[in-house]
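Both of the next two complexes hold subunit A, though its partner changes from subunit B to subunit C.
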Partner chain A sequence: MHAVGVLEAGFCRAVLITYGHSARSSDSLLKMLTSMNADEAVFGHFGAAAGYALAARRAMHEFGTGPETWKHIAISQRKWANLNPQAVTFCEPMTEEDYFNSPWVVEPFRRADNCLITDGGRAIIVTTVERARNLRHPVVSIMGMGMHNPSAEVTMATHLTGPTGAKVAGEQALRMAGITIEEIDACEIYDCFTYTVEITLQDYGFFRRGEGRDWFSEGTIAPGGRLPVNTSGGLLSEAYQMGLTPLSEAVMQLRRCCGMRQLGPETGMKKYPEIILCSDNGGILQTHACYVLRRM
Partner chain B sequence: MEKPRPVIGPDNAFFWEGCKRRQLVFQKCKSCGHVRWPPAHVCPKCLEYDWEEIVSSGQGIIYSYVIYHFPYHPGFREELPYVVALVDLMEGPRVLTNIIECDSSALACDLPVEIVWDEEGEIPIPKFRLRKA
Partner chain C sequence: MKDKYAIVGVGYTPQGKLPGRSSLSFHLEAGVNAIQDAGIDPKEVDGIICYRHFPPASGEKDVTPYLVAQHLGLKPTYLAQDAN
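Showing the complex of A and B:
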């Protein structure tokens, strides 16, 4: 959103958005996450997993979600990763048994509900459509975007079981794009944890509160499904590159350069995707951004 | 390795001073009566500055809870598995704490809990246990 602002204001001609981290071969990510919780460390509360797990546990109580819903998300995304040679888990299929055998990290989350910790980097260039038209690749434009930050201390938060920032941000993005949710061909959702995918899609309005279990169970988001989600494997099964994992995958899918996992005839869809919705969120569901991208 | 201790600063000193007396103390806005947590200079409801201390009854219900099975900090390795919870106190504030003296399979959201002071360190730490019916 800031990139679009500085481009529109004429401050620059192109914006490079990058991320790089040796998160796996160093303890820097864990240290950063641990230091976030100074006041809560007394109680043994560290990192992001437990914050999201608190939200997820409350959601189990309020609208009946839980591992029977989340297993579909973990397994479906792993199926996508198994089609992506760049994915960390390319060679590791996941069955339902594998999911339930995955050890608890912070209950109700198993390891299989947690994103990966990855060494790597990713970059995206944002420029004007006019400039992009003169480049080698098909142009992917930003049709709409929205941002909503119900930011508050987690102990003051009322949004942990929805509506999260996804509701308002999603409405803003769709309004700007001038489309309805039915026109979305696929989603790339920020998936730090399985529950994040469920609550984000629920708040965007893909299914009603508590209906995720049935909605996901039909293979809806897996290869060949009605609404492919996190087609690289996502943060759960491809690589943790913050919000650039979903965003870069959306751009590459729309450019049709995704090989075996390419949405379209390659993976049992009638046509190639034209519109993909992406999300990003931060804190414990405290900040949210939504982007609708289109191939021009 | 030792567990982390309370980090006491000007904002939260009143809270930990209360703990030393085994009292759970919160800020109550003198203008609108809102009882706030975490500590703040300004009332998040009405933006007024003046506040007074109130002592909580230490009674509340579990909003949510999780069970740690992974030692994020070596000081807690021996405690595994342990329970971290958000507790909604009768007076209003929601606090992050531990539920102790319980079988974690007996826990559920909305169950009533009461305060129990953990006397292990220099400063008593406010934790909770299930309240007997």
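Showing the complex of A and C:
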């Protein structure tokens, strides 16, 4: 969104957005965790897993979600990763038994509910559609976008069980795009935890509050499902490249160069996707960005 | 602004467990690959945004967009940290 801002203001012609992190092999994340010294840390509450676990636990109480819902998300995304040779878990299938045998990280999250910690990087370039028409790939445009940041300290937040920023950001993005949610062919959702996928799709309006368990069952978001989600495997099963995991996958799917995991006839869909919705969020559900991309 | 802007380049790097690589090296490799994928002249890239990030590992420098620009040999008019 910042990139579009500086392009629109005329400051730039092409903006490169980069991400990189030696997260798996260095002490970077450990340094972050051990430097957390907020009031809650003395009670053992610190880090993203604990913050999202707090939100997820509250959601279990309020609308009856839990591992029976999240297992569908973890397993479906793993099925996508098993079709993506670039995914870190390409060769590691996940059964329901595997999911429930996965060890606790912070209850109610098992390791299978947590995103991967990976070394690696990802980058994208944003420019005008006019310029893009003279470049080598089919044009993937930003049809709509929105941002909403219901920011508050997680321990005082009122939005843990929704609506998160996804609601307003999603409405803004769809309004700009001039489409309804029914026109979305697939989603690439920022999935730091399985619960994040559930609450984000719920707040966008794909299903009603608490209806996720039924909605996710029967492979809705898995290969061959009616709304494919996180088709690279996502942060849970491909690699952690922050918001660029979802965005880059949406672009590649719309370009139709995703090999075995390509949405379309390759994975049992009637047609190739034309419109894909992407999300990113930061903090503990404190900031949210939504993008609608399409192949022009 | 509907359909006014586009994502024209995507850059990947190896990913998983890659000991000995710095965070900066991943920014640079992904950046170079995105420029190549887009097929644009690097000189055309006049803005760099580094995604929101984590504390630098021991022995590593904090990755700033200025550092990325320097290493890529770019002279952008706009540099920023933290996109969303």
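We take it that the second predicted complex is superposed on the first by the 290 of 296 C-alpha atoms of A that agree within 3 Å, B and C clash if a C-alpha of one lies under 4 Å from a C-alpha of the other, contacts with A are read in each partner's own complex, and residues count from 1 in each chain.
Going forward, a residue touches a chain if its C-beta (ideal position, glycine included) is under 8 Å from a C-beta of that chain, and two chains touch if they have at least 3 such contacts.
For clarity, every value in this text was computed on a predicted model and none was experimentally measured.
A.B. asks: Identify the partner contact of A:58: answer first if only subunit B is touched, second if only subunit C is, both if each is, neither if none is.
C.D. replies: First partner only, subunit B.
A.B. asks: Should A:10 be classified as contacting the first partner (subunit B), the second (subunit C), both, or neither?
C.D. replies: A:10 contacts neither subunit B nor subunit C.
A.B. asks: By the touch definition at the top of the document, which applies to A:105: first (subunit B), second (subunit C), both, or neither?
C.D. replies: first
A.B. asks: May I ask you to name which of subunit B and subunit C touches more residues of subunit A?
C.D. replies: C
A.B. asks: Name the contact category of A:153: first (subunit B only), second (subunit C only), both, or neither.
C.D. replies: first
A.B. asks: Which residues of subunit A touch subunit C in their complex?
C.D. replies: By the definition above, subunit A touches subunit C via 1-4, 6-8, 11-29, 31-32, 35, 86, 88, 118-129, 131-132, 135-137, 139-144, 147, 176-178, 239, 241-244, 247-248, 251-252, 280, 282, 287, 289, 293-294, 296.
A.B. asks: Across the complex, what residues on subunit C touch subunit A?
C.D. replies: On the subunit C side, the touching residues are 1-31, 33-35, 37-40, 44-58, 60, 63, 68, 74, 76-78, 80, 82-84.
A.B. asks: For a test of understanding, state which residues of subunit A touch subunit B in their complex under the given definition.
C.D. replies: Residues 30, 34, 38-47, 50, 53-55, 57-58, 61, 103-109, 153-156, 160 of subunit A touch subunit B in their complex.
A.B. asks: Using the touch definition up top, name the residues of subunit B that touch subunit A in the complex.
C.D. replies: On the subunit B side, the touching residues are 3-7, 12, 37-38, 44, 63-70, 72-73, 75-76, 79, 81-82, 84, 86, 93-98, 104, 108-110, 125, 127.
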